[in-house]
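In what comes next, chain A is part of two complexes: it sits with chain B in the first one and with chain C in the second one.
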Partner chain A sequence: MAEPQMLQPSTVREAVRALAARGAVAMAGATDLIPAMRKGEIRPRILVNLKGIAGIRGVKRTRRGIWIGALTRVADLLDDPVIAQNLPLLAEVAAEFASPQIRNLATIGGNLCNAAPSADLALPLLVFDATAEVRGRSGKREIATSDFFRGVNRTALRRGEILTGLLVPRPRVRTGAAHLKLGVRKAMDLAFVGIAAAVQVSSDGKKCRRARVALGSVAPTPRRAAKAEAVLEGQVVTSQLIDEAAEAAVSAARPVSDLRASADYRREMTRVLTGRALREAFRRAPQERPR
Partner chain B sequence: MTAETTMTFRVNGRECQVAAGPAERLVDVLRSRLGLTGAKEGCSTGQCGACTVLLDGEPVASCMMLAADAEGREITTIEGLAPPGELHPLQQAFLEHGAVQCGFCTPGMILSAKALLDRKPHPSDEDIARALVGNLCRCTGYRKICEAIKSYARSTRGRSKRVRKR
Partner chain C sequence: MRFTAVGKRVPRLDGPEKVAGRTQFGADIALPGMLWGATLRSTHAHARIVRVRTDKATKMPGVLAVITGQAFPTSDGEGVPVLARDKVRFQGEAVAAVAAETEEQARAAASAIEVDYAPLPYVADVREAMKRGATRVHDESEDPKHPNIAGVAEVKRGDVEAAFAAADLVFEDTFETPWVHQGFLEPHVSLAAMDPASGRLTVWTSTQAQFNQRADLANLLHLPMSHIRVIGLPVGGAFGGKNAVCVEPIAAELARRAGRPVKVVVSRRDDFFATRPCGASVMELKTGVKKDGTLVALQARLLFDTGGYPGAQHGVGASLAQGPYRVLNMDVKSYSVYTNRPPAGARRALTSPHVHFALESQLDIIAHALGIDPLQIRLRNALRKGDTALGGMEMPYTVAGKVIRTAAEKAGWQRRRRSSGRGAKARGFGLAAGHWSVWAGASSAWVQVNEDGTISVVTGAINLTGTNTSFAQIAAESFGILVERVTVHQGDTDTSPRNDGSWGSRVLFGVGEAVRRACEDAKRQLAEGLSEEMGVPADRILVSEGQVSVRGKAGRSLTLAEAASRAADYRGAIIGRGALSDLPFAVAVAAQVAEVEVDRETGQVEVKRLTCSQDVGRAINPMSVEGQVEGAASQGIGYGLCEEYIYGTDGTLLNDNFMDFRMPTSVDHPQYQVALIEEGLDGGPFGAKGVGEPPLVPTAAAIANAVYDAVGVRVKQLPIKPESIVRALSGGR
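Take a look at the complex of A and B:
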């Protein structure tokens, strides 16, 4: 392997300029990059190390919601007080992500930009309608996370653009959310199927006002299950309605058979786990005004 | 051909300057350039934990990290837990409980346990299991490893109380 050169920009502007060069690749925690380089899947000429850039790491409250810097490590999500208070689902997903040794390196931005079908952190971001903040040579733009993933390892980022942060609107009142990850082991394993669900209930707790369902590992990208959401919204929540929504979620799945699981099994588990995740999300949705 | 760069970091309390390729992994620099072979290379894919070292006190897989990223930081390998020829009481507890068989996973296991105990001196069984999910052992069946960690934690109970009083 020809050794790439390493650049250490200290600002987003420098990083974006460096990434304009041919063969330049952005590097965050490198937990996806190192294996890809060793297998020869990618051969960067220049590694642009984003870790030295100030201001794109950490979690903050802003007027538009919770801002999470792209370089925030998965381990930091586990014990961040702002996450614990506002987006506990993200901490739950982080707790089942790989192992401490990987969580201490891997970043949330790398998880999204690598755009694996199994990217665990994509699911809570999709169900909370998060927006990706992007910077390139021509300035800033925002991309809804539901438009961010374009294919296996492909995102809406243009050449030379970097993800700087994620903006997550504060979940609305009476919202409950849940995540389920199915793998051989509880940790340290990519999911066969991952499901996240977030639901908002009416003030009497009977109707579903808003629903979001996201699927992982069952299509080329993490994605929302719009039909399942439509089944629920505006309806009185019953066990039968949840079963219908779970059935509808399967239509968003385009699973492949691989050495982890067959397509049929993934489809069936999409249905089963969507039902379970929705039930748990409804159970968690506070009935009265939140304390 | 790419020139080697010089990187500076602290390893086991000593300042180190190493010349290495910019994309060289930390595990290679530790083992081949610094002769610290306590970090083992098992899977090379981040899954077995044999290569675990502490970076500023936190466990990381040294096969999943470039050495250049350790610039200015503090690395602890198993060699740094106790002075040469001596054992750290946690290492001693592993020996006494039969938590070491072939020994290949042991440096990583002990460092993951050390990071846990530094944060949480009296962990629950669940805490221990969670802290060790990234360390595979093909010999011991894990139970003796957990017993060793718990026995070490019990032995520090009196000591940490005394420290708190002061």
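Take a look at the complex of A and C:
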């Protein structure tokens, strides 16, 4: 492995300029990057280390919602008070992410930009309708997280663009959310199925106003299950309705068979976990419980 | 008997330096002028080597030596060539090696070696390999019908046909276990240097058996044994995977040719697919029983995958096939079978975990079919004193039933309640037992009484599991002094007495006894040395509680320090010697109860509690014994639930790293409960016997039995996969 050149920009502008060079690759916590380089899957000529850039790490309340800097480490999400108060699901996902050592390095931006089908943090961001904030040579733009993933390890980022932050609208009233992940073991494992659900219930708690379901590891990208959402929205929530939604979620799955699980099992678990995540989300929605 | 040092919970003496990161492992050491070695490995599972061209590699920058199969005309002690000669028999087999100034140069040069292969069809499954007309892994095989049989062992006893005819019921089941890595963290690593003046070779290596290494290296390198010094390094995990030679001969031959020291560090990937993991098995059992659960006949065909080269699986498999039970009529045929997989090495308890997974699962099947409690069927059949066990050996005492009962009692077996639990979760309990026979082998130790009254113990046994700490306790007990007054040295092949390898739970049993005998010898020498001065015959002089005194005469005593310096004046240093190979086999029985929670919808199995009981003879250091039991059982959980080699259709190992080869992490472990049974009936030190292997033996079966108890699904193939549970629960869809 030829040693790549390492650049240490201190501003987004410098980073973007550095990334214009051929063979230049952005580097955050490097927990995806180093293993990929070791396996020879990528051979960067230049590594642009984003960790020295001020202003793209941390969590802030803004007028448009909660802003999470792309360089925020997974470990930071675990004990951030703004996250705890507004987006506790993100802290829950972070708690099941890898191991403390990896969480101390891995960033939320890296998790999204690596665009693995199993990217855990993509799921809560998808169900909260988060937007990716991107900077390139031609300036800023925003991409809905539901448009961000384009394929295995492929995103909507253009050459030389970096992700600077994520904007998550503050969850609406009477919203409950949940995340479930199946792996072979409880830690240090990538999900072979991951599901997140967020639901908003009517003021009497009976109806589902809004529903979001996101699936991980069962398609080339993390993705929403629009049909499942449609089954729920505007309906009176019953156990049967949840089962129908869970069934509908399976139609959004395009699983493959691999080392970790077969496609059939993934499909079946998409149904089981979607049902469970939805039940938990409704249970958490601060209203009466559905029957 | 009351003990002062034995039976105390003593933290591992080498613990602090390990925790502080001060231990120097193989990867940490270097010599001036050191080169790096790298190997080229076969990309084919089975192919003839047509030509190996090294000219390009030889001319690459920094390269000082290149070797191929010609460098080693003989194979190692287990029949495995160091570098393939005519044929490669598994993917990853080493074909050539290079020494260069830097690791990168060595790797680059190794990959510049050109090998022309003529690929051959390959066989990857023992059942296929046993078929008539199967692909031959070894051309020179003598049995035309079964060319891939590498070894056979048979156990015949009683009249099986008649016993089956007289049985009330006969059960036939087939069980399968996968290839697994032993799970050691430190990859193989060796450093070799040859002194040009004397022609003496020194090899530093992470090994379980330095003296065996020396013997193997002498053969492989055609050097006199006296020209070889092997220095066993601190080992970062081995579990049987470091019994045999690995890269030692490669480092040594490269060092000899290059005239400079050479270090070889095996990569994680190579360590997974190209060293000696634990082989797969297929076990067919046919068992006849009476209605009351009495076992009357056992017929078994055991197929152990030994990979591309011979192994010892069949013999051990056959000898353990009856489990810790009385079976009067047996017909067991056990085979090691060649396939195009890596050579199967040892793993904790060799094939005992395989065999007991089959046996203990089937015993459970039988119990349920007969409506007998799984505990009662085991107690009914448990080995008793005088029963024939272990391929003909007679049981010297009765303990199997007690071990099984203890596990059940401690786990609350009688009060257990299967429950459907919350939501989709179901709880179940599973019981399994198992055994292992501990062979002390050749064991030896030196003990010196220093003039300050401290004791130095020297052995050639590699300290894998904290045995040095236990040796200190044994010596402290023998002299009646504090453990802190004893130092234990692991010598190398030049500086310590010869010893067999650290395997099979033999070290504390055999070498521990050698230490004890060496202490007694030293005490005798002290007494003889002081007899004249103290004016009494030596046999009236007593060494105990750190004092040397005259039996029956109070007041005339010397401290150990005074005695040692005076005795040394009269007779030179006091050096006790202990060497033995006369200990009989010690039978060690373990039993476990697994309490699991199974998610009926996802099939996920979680072990909530694992209760382990074991007959340990005597726990010299209970802390370390419990560590062995919990460690082995945790390995059993991995074997039961998640570990397996997954191969692609072209014979490539797909999960060659610890991310994809999933071992349980610290948060995947249950609460362990350990009950040690100490009856001290064997010939080991203070009644101790081996403890490391037995607790891996029953675990996978206990989990499988618990899964059945919870959800009624019988899994006959390890690992137990959530997917297969879900499929079975939904009616095999």
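Definition applied: the second predicted complex is superposed on the first by the 287 of 291 C-alpha atoms of A that agree within 3 Å, B and C clash if a C-alpha of one lies under 4 Å from a C-alpha of the other, contacts with A are read in each partner's own complex, and residues count from 1 in each chain.
As a convention for this text, a contact is a pair of C-beta atoms (placed from the backbone, for glycine too) under 8 Å apart; a residue touches a chain by one contact, two chains touch by 3 or more.
Bear in mind the structure is a predicted one, so any value in this text is a computation, not a measurement.
When the two complexes are overlaid on their common chain A, residue A:Val152 makes contact with neither chain B nor chain C.
With both complexes superposed, B is the one of chain B and chain C in contact with more chain A residues. By the touch criterion defined above, A:Asn104 lies against chain B but remains apart from chain C after alignment on the C-alpha atoms of chain A. By the touch criterion stated above, A:Leu182 is placed in contact with chain C alone, chain B being left untouched. In the superposition on chain A, A:Ala54 makes contact with neither chain B nor chain C.
Under the contact criterion defined above, the residues of chain A that touch both chain B in one complex and chain C in the other are 1, 99, 185-188.
Within the complex formed with chain A, the residues of chain C that make contact are 104, 601-602, 604, 642, 646, 654-655, 659-660, 662-668, 722-723, 726.
Within the complex formed with chain A, the residues of chain B that make contact are 2, 5, 21-23, 25, 44-47, 49, 52, 55, 58-61, 63-66, 68-69, 112, 115, 130-131, 133-135.
On the side of chain A, the complex with chain B involves touching residues 1-6, 30-31, 34-35, 37-38, 47, 49, 51, 75, 95, 98-102, 104-105, 185-188.
Residue ranges of chain A in contact with chain C, taken from their complex: 1, 99, 182, 184-189, 259, 261-262, 265, 268-269, 272-273.
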